[in-house]
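Think of it as A, B, C, D, E, F, G, H, I and J in the order they're written, each chain with its own count starting at 1.
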């Protein structure tokens, strides 16, 4: 009996096909019809796709029909093989949480009161910022403020 | 023999004095003369201050002279008591790294090649984004792109 | 120089005073004017109190003025000395997450789609359920559903 | 020699078949003849089924005979690939244990004395609570109180 | 302001007083009026005492009145400084769980079905078993069987 | 080249065959000619068998000749997939070590002096204890006392 | 459906082919046209290669075309199976970080101010240092100094 | 009874005194009469000093006589409060071990055979390397090669 | 109320007094009347002393009467502040267990059958082995073989 | 494409072949021409073999030619599946490090000064020590003393 396909297998198939076909995430997102940030997260196994999005992905990456169905299911989220992440690029983001974590906390509480920035009702944008001293990565995040309530 | 003062003690003194005096980080930053984001991080033990900045802080928070000197020394960085952070606000940022970590990696590599976004040559801004469906927290980060080089 | 008071110290003072004075959480909540569930969580260092609530707590537990101020500040949340929790009562809740975690996930996604039950816009009630075979603990939780959105 | 089938394999087969066949847990539970909460937990590898329940599941999901036998055996429980769980939905429950753990402890002890809420003689119900400000997830748990005894 | 006394402090005071006064746990248990196994666990901070038991302990160990009150409160349980335990005597019990854990599981399930041996409705007895090849430690445990129920 | 068979594979084969053939550990132990406790532990990969015992097991479970040889080799012991164990039945034993660990230590030292209860020169018996309030699991352990010696 | 090839598979294929063909890293680096330090790191899955470098590697190690494409993609970095590393040679480097970590920190801050030595804009050289008392390993590292900036 | 002074206390006293007196490690090393790298490591609690060196340190930092004696004792080594280190500067060294660990291993084995670079018979030098594109940190390490031997 | 003295405090007092008085472990052991290996372990908090041994230690190190009593109590064993140990000398022993662990297992089983080398009925001797290529540390351990028994 | 053979695979093949052929390590070592301690460690994947030794092993265990080549390569060392080791025999050695770790440290420093016992320039011998009270395992270790040097 063949081992059933999992979402993790689908992510691996997508990553492999993208490399072998020489596609870029921008081209992929254009076909999916959503932002490049969201589309990449979805194809890396972090978001649920609609039927249309999944079928577009299936065509682009030559995925079997079962894989197309799996893309329409809410995945078990978390994209890192281990934490703290060993990859230097991803570790820098982890480091930012360690160094600026209490600063985020103080400033959000000062501005909004007790509550959090949602990581669910959330979106982000990643851009290149040209700079004569060396180009910069610019990331803009926006998450809904959710207050704690007493009852 | 009295136990010598450490930077962690100074952070604790600053946090306590700020609460007892009813100061805001914005008022504090205005006195320090830098952005509220950087000033808060520095006063929470994550950045080295100049003599002038440290003295302004000393005055604001009634710090002893030794504490003012400690603010001028590079601290041992890392602001969280444990990881994964148990505090819900800070955990949401940690979760973003876990969910979007591989997306950050793919998009930065696609745009820039092999390298990282610096967490050192870095700045960030935290704002309130008014929204009829509930205000949002907006965070803008910018870090220099640093390429890996072959040799 | 005396070590400044922290919220953890205040929690310890409250717990000690409650025992020495023979108070119950129900009596305490009545004085605070909120539900016993929220009041207990707040006094155990997990919620921010208003000035009136904090002053009522200060009077009940003979807290110094600094402690009353600390109760009005958003705390660094997380109430357990270690995880997995060694205490059998608390461990049972941890075990429920391990045994029913994927069941919660499947059923919430089936009913609502991709998203989560908020642990912020959340409330809970704990009651005794009389039962001839032995009374039961009944816990009712309600948290707002927050959908993931594509963008 | 073929590797023998395990309960974890059966869980994976069930999850895959459910997606490919487009079944819902509610439909499945109706066939099993038990609540949707218990049926889902059982099919995700956390409960032992009777012969009839296992055969109904076998038919629904086209399971081989060995799998049907495995469903009738007490499984090695624990449904999460790792803790703390990386999936945001499941993490929120884990966070509730961290934030409200000591509150649960205090209130159960105040009401009942030294003892625990059983996670074995336990049941739970998950419902949608319509709310004009956004629907809510309602979870009702009930576990038998078990007292510690001196001897 | 003096740091309030905790149950952990009381355990430490009891252990120290027992050593300095040269008492044995058997003598102590006789005064408490319960078995030596339960009394020792209670005095080591794992069980809640009645007023009478706590006062008897207070007299034996010259405890202050606050400590006597703390003995009557349900403690945060878990007696080991770290796990796996570094102490060889305690480690042997941990090793038994690792080596015989699945055996306990198989045999209890075979005899009783799906369920557990309660660690709450539980008692144990520790005896010396004379043996010409070297005396043995005999431990008899008994815990109520609790079945999982479908619903 | 086929992957060589390991003792872990043999344990998995035995567990699977036992379920598919509907055998009980009691029937198995009767064929092996040892107590049900020891036989179960041995067949779950924790003890070395003699040639006769291994051959009896091979016949009962239709094991290949290599598996029969592996049963006669001392295994790498430790039966749990992870610690703390996620399975509720096994966790209760782990909890007993955490709650009663220091009690075991104090009482064994009081009775015997500095030393340990051997987990090697050890045996145990698991029985059902009928009880009108609900049957109980009774476990009797006996391990040789081994004293530390000065030299 | 065949499991897609990953970069980790390619590393394993390279290591195996190098051993079976009896090549040295020096010979390999000469073919790649870069330093032996960088080439080895790249072939062990830590650096991105150009098309020419990847094709040279493909030829040397008889790699399939997919593997050659994978060598041109930025890998998920981190070369150790676990940390702390169990291998004695690699552990010694880990030990150097533990013993000299604060020394590196103090001396770099004294010379440069607040900032770090880049591990990205970095190169290293490993040489044999003949010594009559036993030859020595000499490692020369150079990384760009990156200052923290206030803003 | 006063708590006896430990080497960790002495490190803390030295670090505090150095800051309050405005000394540099270079000035300190000149007084100790050894390289700045070794002197800093020794004063940060990683090396044993001679009587002369310890007395010179005592004078410089106004240490009490007990502290001077403690500097002459071999310390319990390891300078980091936790690993992985949260401080960005020290983490970069840790990252180098993770990224280049297997490269160090391959190249040392290729050049020398089976063995290690000693971290005991070891020395290192830290310098500023002027560079028009930004100055660099140069670290030169040399450790004796120690071969594994068969016997 | 003064915090009661613990065995860990006594170990710290002994270590401090030994350094300040310039004693050697050999001199100490001679006064205790046991081997230097056992005496050192006992004084570092790993063994129980007799009244005579404890009083001899009390005199040598000027210990208060409570400390002398604590030396006669079985300690909670385990001498390392953390594992894996950060100290290079102690780590080498840990490394030996990792590298030679399975070798010890195979050879003891080959020679003796299923069982262990006792770490309780155990003694060891540490000597200097003069060697023209550099002196060596020689450690001789002997532990009773304890067989597993079937029952 | 077949997965390339690794040294771990070779270790598994050797262990399996040894059991199926009924060889002892003593017989194997005699064929290899080195001590049984070293030969066992090498064949369990911890040492590099010469061509002659590897070929002798290949013949004894019917290894394929690739495996014989892998035996001549320095392995990634570390023989335990997890630490702390769950196997009781190996754990006893781990316990010895925890209990006697600081004793080893004190006695080696007293005899030799600051430095370590090498785990590389190291050999050991394992013998049976007949004893009327039960035979003993005797292990003799010898490692070169390596001094730390100031510079």
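In this section, a contact is a pair of C-beta atoms (placed from the backbone, for glycine too) under 8 Å apart; a residue touches a chain by one contact, two chains touch by 3 or more.
Because the structure is predicted, anything quoted here is derived from the model rather than measured.
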{"item": "Shortest path length from chain I to chain J (each step joins two touching chains)", "value": "1"}
{"item": "If a chain touches chain D and chain G alike, it appears here", "value": "A, B"}
{"item": "Counterpart interface for G-H, drawn from H-J, I-J or F-J and sharing over half of its contact pairs", "value": "I-J"}
{"item": "Chain whose Cα centroid lies at the greatest distance from that of chain A", "value": "I"}
{"item": "Mean-CA-position distance for chain I and chain A (Å)", "value": "53"}
{"item": "Separation of chain F from chain I, taking each centre as the mean of its C-alpha atoms, in whole Å", "value": "32"}
{"item": "Distance between chain centroids, defined by C-alpha means - chain E, chain F (Å)", "value": "24"}
{"item": "Centroid spacing, where centroids are CA-atom means, of chain C and chain G in whole angstrom", "value": "49"}
{"item": "Interface hub residues of chain E, defined as touching at least two other chains", "value": "5, 37, 76-78, 80, 84-88, 95, 98-99, 105, 109, 115-116, 118-120, 146"}
{"item": "Chains that touch, pairwise", "value": "A-B, A-C, A-D, A-G, A-H, B-C, B-D, B-G, B-H, C-D, C-E, C-F, D-E, D-F, E-F, E-I, E-J, F-I, F-J, G-H, G-I, G-J, H-I, H-J, I-J"}
{"item": "In the complex, chain G residues that touch chain H", "value": "24-26, 36-37, 40-41, 44, 46, 77-80, 83-85, 87-90, 92-112, 115-119, 122, 124, 126, 128-129, 131, 133-146"}
{"item": "Touching residues (chain side chain G, partner chain B) in the complex", "value": "34-35, 37-38, 42, 47-48, 74, 76, 105, 109, 113-116, 118, 120-121, 123, 146-151"}
{"item": "Residues on chain I engaged by chain E in the complex (per definition of touch)", "value": "1, 3-6, 66, 69-70, 73, 76-78, 80, 119-120"}
{"item": "Chain D to chain B touching residues, read off their complex", "value": "84, 86, 88, 91, 95, 98-99"}
{"item": "Complex interface listing, chain G residues touching chain J", "value": "5, 9, 12-13, 15-17, 19-20, 64, 81, 85-88"}
